[in-house]
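Next up: some structures, all given as structure tokens.
Shared between the two complexes below is chain A, which has chain B as its partner in the first and chain C in the second.
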Partner chain A sequence: MAVSALIIAAVFVVIFAVFAVFDVVTGKRTKEKYRIRTALTAYLMLAPAILLAFLFVLLPILYSLGYAFTDYYLLEPDNIKYIGFENFTRAFSEIASGGTLYRALINTVKFVIGVVPLQIGLALLLALFVNKPLFGSKIFKVCFFAPVVISLSVTSFLWLQILSPSRNGLLNSVLGLFGAEPRDWLRDPASAMPCIIILSAWQGCGYQMLIFLSGLSNIQQNLYEAAALDGAGAWHKFTAVTWPGLRSTFVYIIITVFIGACRILTQPMLMTGYMDHTVTLSYYMYQQGYTNRWVGYSSAVALLMTIVIGTITLIQRRVLREKN
Partner chain B sequence: MEKAIHKNSSLLKNKNISSRKAIELTVYIVVGVILSLLFLFPIFYMIATSTKSESAYASSAGTLAMFLPDLTNFGEAVKNYGNVFSNYGIWRYAVNSFTYAVIAIVLNVLVNGLAGYVMAKLNFPGKRFLSFMIIFLIVVPVETSIIPLYSIVKIMLGLKNTASVIGVVLPASISIFNIFLFTQFFESIPQGYEEAARIDGANTLVVFFKIILPLSKPIVATVAVFCFIGVWNDYLWPTMILPRAQEGQWPLYPIQSALTTIQSIQGITTGEIMSALIVTSIPIFIIYVLAQKYIVQGFGTAGLKM
Partner chain C sequence: MKKLLSCLLMLTLSCVVAFSAVACGGGTTTDTKSGEVDQTTGNTIVKIMFHVDEKSTEGLAYKKRIEAFNAAYKDRKIKASATYTARVQGAAGYEAELLNNQVEGTLADIITFDAPNTASYAKSKLLYNISSLVSEDVQKDFYSLNTYDGSIYGLPIQESSAGFFYNKKIFREKGIDVSAYTVDNPWTFEQFNAVCKSLKDAGVTPVDMRLDATKDETATYLLYPFIYAAGGEFTSQDGYTATGYFNSDKTAAGFTFIKNLITNGYTSYAIGPTDFFSGKVGMYLSSGWTIPDLDNKYKEFFANRDDWGLLPYPSSAVAASATGSWSFGITNNHHSDKTAATELLLWLTSVESSDAITAATGMIPARKSVNKNWAEGSPEYTLLKQLETSGKERPVTVAYPTFSTCFNQVIAALGTNDVKTLLNAQADTLQSEMNRLKQK
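What follows is the complex of A and B.
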């Protein structure tokens, strides 16, 4: 472990030195002057950042690539064997046989398909609503943003009470007024994921609303005036001016919300625990790597996840940008 | 005559418009209030429940009183919050969270600020490679590497002991994106300020602390605010690396991780859980109110990530 870290560090120092020498050599031609004193000061001031970034940013990324091909068990760090693609075949066979990983995949897809349109659509509607220069719009903006201030764990525990299976839980008692029997919302496979989708959108959409608002403020007002002169109605103004003006904001939001949604972990972890009907990919990864200590297998799942999410993000970018 | 008619009709039109505007405004406010209530009801419920005893909570079920604080029995609210503070000792966890956040902020500004300064103002061999690495690491999704990060910290600091406190603070103090932000900001500071100081014989570090940092209050504040929110709200990472509280010892968990422990205490009432949730949320709420300006700035820079 420590040895491999040192080897990686050495490789990086060498690559670094090659680039530095290259800079010095080409610098002579472009008459760029390098002073040894300045270079020393620079590296001295960079040292803490380089050290920390190496340990906590770069090394984890490289390790997660490397571990994926080993049988690394957390409690035996000195006994790591290279096992080729075994972790990946195990992951694929677990998906094919309908195991927990398959459930995790399905639940994550469900969550993403539910939360991305809900959260973004809500955020856009709220932004358009709050953007009207009418009485009260500023207060409404604060109200819609309020849930963002609450952390994910507080959100989870709060909604755990709202969705409580007891007759006195908020949702059950309100539905009880209409004669409905109390239900255990989070243990029922039919309702657990929809509940998590709704509370996640509730907590998050105020943030995207603010980003949409800053996008709206960048649209020039005279475009609306021109559209009004042409006799455009509200809907036409939206399709002809607002929507094209929000395009880049929209692309940014859809990609960030999508990536964030794929990583969902805290809500199912705190609200239901490791259950077949709410387990997600991140949760599965965490369970395998942390609770069960199979770092190698967990890293392989993480790598697969990164590849899939990365590919989808690239496709999204292509498709959304091309229409522009 | 013709003019008078014209005037008249425009007056009529104005009246029409103003009454239409009044209706529009009323509809707007009604819709706004309904939407706001939809967004705020869980928060009202949380605040209201935190003032109730278990029996008062049960009897309010299914009525509007669920969303209203129990003002008739003020002692109950005091009891709930008092229990959360003294019996469940939430203040200790709050102190922990606060300490971790402050240390992370100081390190974050120092480490990333220094790096940003070097990248913005100094010329040295290897700089182009470093800039490339910065962009590369911003683009690569880092979150999926939490398990390898855990294994690294575990080997560095051992498993679940007091030293793991360092593991909470150190990873939070490096942020490649903040280096990028600092670089962008420092590049906009005119060279003249530094040169004046250098003529007076100040070295690079002194220039950074005495000239650059005081000129960079907005970016420092933005980084500090987001670092505070990040560390205070982080649940997963500290829960992974810190040991559980032991009897008779000062616990190491930050407040978010402690919520799991607190809400599973035997015999805890719904009111007490809600008080704990509110106590956890109040510092972030205060930060959002006080540092609004910097948070909005931070949203602006979030778009840069693309």
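What follows is the complex of A and C.
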């Protein structure tokens, strides 16, 4: 493993060096002393960032790409064989046969469809609310942002108490006041994923709220004044001034929330465990890679997932950019 | 330009100095075939990894035994160096650390591992075959050994057994007599159901079967004996066949017994984790680790041992009870000479260590010769007697992680699904994993 890492590092250094030499040579050719110095300074300054990006981003991606074509079993790191597309074939047949990977895919799609609009909608509403110069709006801002800085493990535990299936569970006891029977929210396939969606949106929306707030602060007040002079009401001001002003912020938020939602792992892991109705793609990969120790297969699924998410993100950008 | 070059030179020199410092930071040791040797003291360092937090009761017990080892082996120039990584759910826990070390080639000389992992760790040669390192007398003194394919790969730290803790005050108030049900005369599934019915009729939630504990190994550990008791099996003897075992009629009968407890209202997924301890539930399925809790906490409901007791597992076709705990194993790391590691292993599994560690954990000592001094009829005595008479280990299979997941998934879905359908689906999953591992 160390040897392969060194080989990859060497290739990377060579590519990096070629670029650097090219720049320096071009500078010499044009006899611009200033250009040589600039190029060297730039590469020197870039070096730490590029080294870190190589170690923590590029190298893991390259390894994962390589492992996807092997039978790498975590307990036998010295016994890795190249098996071609076998892992991919297995993944596709698992999807075709309606196996756990298929269910993970469906659950992830359900989660994304549920959480992306809910989280963004909530974030926008909260941003609009705290953006008004009302008494105590700063306190609300802190309160709405608080769940973001709390660990997901802690918030999941908190929600486990709220959604406890016993009569004493917070939600069940409140509903019990209206005569409802206690319900096992997280074990019931009909309610488990909606509960995880609500928890995730609640936990994450504070962060997007802050981004929306920075977007709102960039909208000039005179636009609102002009709209008011034209007789626009609150709704018209929102559709004609606020929304167009937030469009680029919205594009950024929708892409980041979408990517984050596709990677959901902690909430189902802590709240329900590995169950058919809540297993997600990331949880499936974790289970295959760590618990079952099939790193090769897990890497293949990760690669497929990256391709799918990447493609959808590109489409999103394209569609939203055109509209913009 | 000169300035730039001198900056570059300074940076390079700084890097060289920094790397040298890192490389030489621990530079007082040399790696040898028997372990790292401290050059100043000449001690051979045996590294050991524990699965608990250093400050926990169990961690402190290990720490004391390590300190005693270091004092005793000072003249023989062997020193134990321990690291403690607590088990947590997710990628940051003990198992993840262990697997990372295996991949990086930095495995400690001795590790602790959960007994069901013996097969996979042994097959993949993570564990060293210690059959020839442990004398026959010592082997015979253990209640169980971590074996795979006829060889020994680990020695248990402690043993375990589980049973039904029951609230004697509730039983007395409701006039339910269970005194006849002992390990020598275990109750049957029917008698268990009858007691549950009496409790339910008296307005008490009868039993917490720990159906909510399916996120980790707890539910598997506590509930698998019911399947054996019904005459069922999980896998073939060689651990590579699940079809026809995991979904056999007898296995289904065991799971059906648990399902009927749910459908009859004797247990449920909704029982809170402290409901038994606050006097709301009649019985509580758990292991020996609950004894210190009942002795020391929850004094409001369980003032002393007159307020609670322990009943064995009920039996049907056969008697079966839960066993297995964590063990010590020597790893197949790059230190080929295992002499120093063997000394530490035997020290930590000695009668003295076994006694000291189980005194802290409340579990059953792994060695038979440890003086137990438990009064007949006491909960500890019941667990020990049950271990000796009906203890049956979890299936020995290299696909154990998948088995555990499948078992948990069956339990989690048991309340609302057909048993046979669930078992067929999970048997397919387990069989598929076994096939892959067989080919590997």
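Observations
Definition applied: the second predicted complex is superposed on the first by the 298 of 324 C-alpha atoms of A that agree within 3 Å, B and C clash if a C-alpha of one lies under 4 Å from a C-alpha of the other, contacts with A are read in each partner's own complex, and residues count from 1 in each chain.
The rule we apply is simple: contacts are C-beta pairs under 8 Å (C-beta built on N, C-alpha and C of every residue); 3 or more make two chains touch, one makes a residue touch a chain.
All values reported here derive from a predicted model rather than from experimental measurement.
Because the two structures share chain A, they can be overlaid on it, and in that overlay chain B clashes with chain C. Touch criterion not met for A:Gln316: it reaches neither chain B nor chain C.
Residue contacts after overlaying the shared chain place A:Leu74 against chain B and chain C alike.
The larger set of touched chain A residues comes from B, when the choice is between chain B and chain C. By the touch criterion defined above, A:Asp276 reaches chain C but does not reach chain B. Of the two partner chains, chain C is the only one touched by A:Pro182; chain B is not.
Look at A:Asn131: by the touch rule set out above, it reaches neither chain B nor chain C. In the superposition on chain A, contact of A:Asn168 is made with both chain B and chain C. By the touch criterion defined above, A:Tyr286 lies against chain B and chain C together after alignment on the C-alpha atoms of chain A. In the superposed model, A:Ala49 makes contact with chain B only, not with chain C. Of the two partner chains placed by superposition, A:Ser191 touches none, neither chain B nor chain C.
When both complexes are aligned on chain A by C-alpha atoms, chain A residues 1, 33, 41, 74, 77, 167-169, 266, 269-270, 286, 290 touch chain B in the first and chain C in the second. By the touch criterion stated above, chain A contacts chain B in their complex at residues 1-2, 5, 15-17, 19-21, 23-24, 27, 32-34, 38-39, 41-43, 45-46, 48-50, 52-53, 55-61, 63-64, 67, 72, 74, 77, 126, 129, 132, 134-137, 139-140, 143-144, 146-147, 149-154, 157-162, 167-170, 173-174, 176-177, 202, 206, 210-211, 214, 249, 251-252, 255, 259, 263, 265-266, 269-270, 285-286, 289-290, 295, 298-299, 302-303, 305-306, 309-310.
Only residues 1, 33, 36-37, 40-41, 44, 71, 73-77, 79, 99-100, 164-169, 182, 184, 187, 266, 269-270, 272-276, 286-287, 290-294 of chain A touch chain C when the two sit together in their complex. Every residue of chain C that touches chain A in the complex is listed here, in rising order: 1, 4, 7-8, 11, 89-91, 95-96, 99, 102-103, 105, 120-121, 124-126, 214-216, 268-272, 275, 401-402, 405, 408-409, 412-413, 415, 429, 433, 436, 440.
By the touch rule above, chain B contacts chain A in their complex via residues 24-25, 28-29, 31-32, 35-36, 39-40, 42-43, 45-46, 49, 57-58, 61-62, 66, 110-112, 114-115, 117-118, 122-130, 137, 140-152, 154-156, 170-171, 173-174, 176, 179, 203-205, 208, 232-233, 235-236, 240, 256, 259-260, 263, 270, 273-274, 277, 280-281, 284-285, 288, 296, 299-300, 302-303, 306.
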